[in-house]
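Have a look at the structure below before the remarks.
Letters A, B, C and D mark the chains in the order given here, with residues in each chain numbered from 1 onward.
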Amino acid sequence: MSNILKVKNLNCRRSGEEVLQGVSFTLEAGKNLEIIGSNGSGKTTVLRSLLGFVNDHDGGVYWNDSEVPSTFQEGDVSCFYQGHQIAVKPLLTTYENLKFSSSGFNSSLEEITLIAKKIGLKHFLNRQSSSLSAGQKKRIAIGRWLLKDFNLYMIDEPFTALDDEGIELIEDIVRELNNKGASFLITGHRPSGLNSNKIYLDVKNDK
Amino acid sequence: MGSPPHFYKWATRSLPWLAGLAVIVFCVGLTWGIGFSPTDYKQGDVYRIIYIHVPSAILAESIYIFMAISGFISMVWRAKIAGMLINSAAPIGAGFTLVALLTGSIWGKPTWGTWWVWDARLTSTLILFFLYAAIIGLHSSIENKTKGDRAVAILAVLGVVIVPIIKKSVDWWQTLHQPSTFTLTSSPSMPPEMYLPLLVCVLGFYFLFIFMLTNSLRGEIISRERDKSWVKKQFFKY
Amino acid sequence: MLDSLQLLFIMDGKGPYVWACLLILIIVIFINLIIPVIRLKRIYREGTLEE
Amino acid sequence: MTNRDNTLDWFMLVLRRDLTLSFRRSATYITPLIFFLIVVTFFPLALGPSQSLLSSLAAGIIWISALLSSLLAVEGIFSEDYRDGTLDQYFVSSEPVFILIFAKVLCHWLVCGAPIILASILSSIFLYLPSGALFALIISLLLGTLFMSLLGALGAALALGKSAILSAIIVLPFSIPTLLMGTAIMSAAVNQQDYSGFLSIMGAMLAVGIPGLCLLTVEAILLNYE
């Protein structure tokens, strides 16, 4: 059994103030982990400091079973990150939004059509996303997970703006990708129905 | 070695010595230049502005190069203190550039009859002033100071490549448009009684810059590290 | 002595130019020196107020 | 993962995406064009319609207007992708950032520089530019606007999330060598002299500038991710 990611005692500051203190967890290949906390508890900061987008942090981050701590770039994991902003351009069609993404540029039209069918947007393939609802845009973002095989998916609050059907869709997709050996690192306000380990973050009290 | 507390201690201890040295050399140079050097036969006494204008102009360029070197260091080695150095040097550099511009303009009035002439040195000094303004403006607009340091470092490094090109092209542009204007400072052969005080002045200005830099570096270090424990101990004296 | 000082001050009518330059230089240097000092003073005041 | 084909695909992806986005939003290419024409029109209004005066100033006026208007759209080059999370996703994928930047600069040049060059032909008639100098104008603006796109990208990356005027202030002093070189080409062409020397200096500046400025832009944009 191999760990894709091990985090030991991660501390993080933002403009001098502690946002995170002593976060530790392990994530095995093919398993999921949920980071649960309310607004301002630093969920997003965990993901962004793991990726090296927030520099003011310390503690050990071990990628791919390595013995020494390393940065994300040194760790060389194939990772897909989806932040709060889901990078769906209103001026592009569903097809283009999938094709012009970091994961999709090698995909053919057939593959993309297949994925559009899976996320329930087949009929919107050539429609500009400005006319889609927030939930449908979110589905486009989910479609990108399937365009390429990644080892690790870091998804910030995937369940917001989705209906029950959409939540089921995510659960199906996560299960499918888990079976391929991919891991999910997910944040959220409350525990989801996913089969996962869960850690809880508290809001740091002001002095 | 590169740690802020170490630098702060060093700066505080050496500040009076630097001040003394700077003031002595600066005053000697200026008194000698303005009070005792011989009068120029062509321009008369007004040429004595050279003892203020030329050292300021030299300093304006040197400080920019100094900032670029610090910028390079902060880009490559991520040294905190190098970033602070750029930030403390920028207003000083801008100040001396302003002095060079204003004195050049004042000198131009009795010599050329107008307050401003598009002379090569004045033009490239004016552009240098814009570069300083860009750096100060960029730094002040970025809230995160370490990020601002590195942004400014990029500009300073780009500047040190471009400044010689600007100087060259302005020189060349000037000869293209005004083939025979005599420049303020290129008297064919200066007697030693004139250029020796100029040398002392340049030296004095350099010392003054080091003193001013150390002085403002102290403020920069303390304001960046005000929440650290060593500041509490050494500066607030708890 | 006084005469030569006066000569120095007037400089054939070019004196004002030279002295204006010196004044500008001194003002700029002074401003650049005083700003960090004021800054330190303010930080000191704020820091001691917190206690 | 990043073999040669893949890098080219990646480059084409970004270029196609940015071009598609620009063409769907007509303001990106029309605004600089109209701005350019308005600025050019203002000079005869301010200076008077004297043909000889305008003819002697034409090259300078067109060059300055081109520099200013190519800076106009530069702020949008990264800001939208920064805000909506596209840059996040691109940086996490291990595709080279350098290629991304270069594709974006090229797109800005195509979308913004090309219409300006077309409009400069029109304004050379407005300002009575000697017709012999028209070719020199086009070729010098071709290189000049590319250089401005490169510089502008750096300014936009440094002032990401800040006002557009800040990135203009950062960039304009650095564009002076280009301006001097471009107007030198023009005055040589107007006087029917050989200007290939200036042109090759400009080419050399670009040869150094493309990799150099792109690298600095990479550094500047990654600053926002630390």
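The definition used in the following text is that contacts are C-beta pairs under 8 Å (C-beta built on N, C-alpha and C of every residue); 3 or more make two chains touch, one makes a residue touch a chain.
On a predicted model such as this, the values are computed, not experimentally measured, just so you know.
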Self-check item: Pair exhibiting more inter-chain C-beta contacts, B-C or B-D
Solution: B-C
Quiz item: What is the identifier of the chain with the smallest separation between its Cα mean and the overall Cα mean?
Solution: D
Exercise. Find the geometric centre of each of chain B and chain C from their Cα atoms only, then give the gap between the two centres in Å, rounded to an integer.
Key: 16
Quiz item: Using mean CA coordinates as chain centres, what's the chain B-chain D distance in Å?
Solution: 32
Exercise. Using mean C-alpha positions as chain centres, tell me how far chain A is from chain B in Å, no decimals.
Key: 50
Practice problem: Quick one: report the Å distance separating chain A from chain D, using the average Cα coordinate of each chain. | Solution: 37
Quiz item: Taking each residue of chain A in turn, which ones touch at least two of the other chains?
Solution: none
Quiz item: Which positions in chain C touch two or more other chains at once?
Solution: none
Quiz item: Which chain D residues sit where two or more other chains touch them?
Solution: 226
Exercise. Would you pull the chain A residues touching chain D in the complex into a rising list?
Key: 51-55, 72, 76, 78-89, 91-92, 96, 99-103, 105-106, 128, 144, 154
Self-check item: In the complex with chain B, residue positions of chain D that touch it
Solution: 154, 158-159, 162-163, 166, 169-170, 172-174, 176-177, 180-181, 184, 187, 205, 212-213, 216, 219-220, 223-224, 226
Quiz item: For chain D, which residues count as touching chain A in their complex?
Solution: 1, 6, 9-10, 13, 16-17, 20-21, 24-25, 81, 83-86, 88-95, 225-226
Practice problem: Note which residues of chain C are touching chain B in the complex, please. | Solution: 8, 11-12, 14-15, 17-18, 20-22, 24-25, 28-29, 31-33, 35-37, 39-40, 43-44, 47-48, 51
Quiz prompt | chain B residues touching chain C - in the complex, by the definition given at the top | solution = 30, 34-35, 44-46, 48-49, 52-53, 56, 88, 91-92, 95-96, 98-99, 102-103, 106-107, 109-110, 208, 212, 215-216, 218-220, 222-223, 226, 232, 235-236, 238
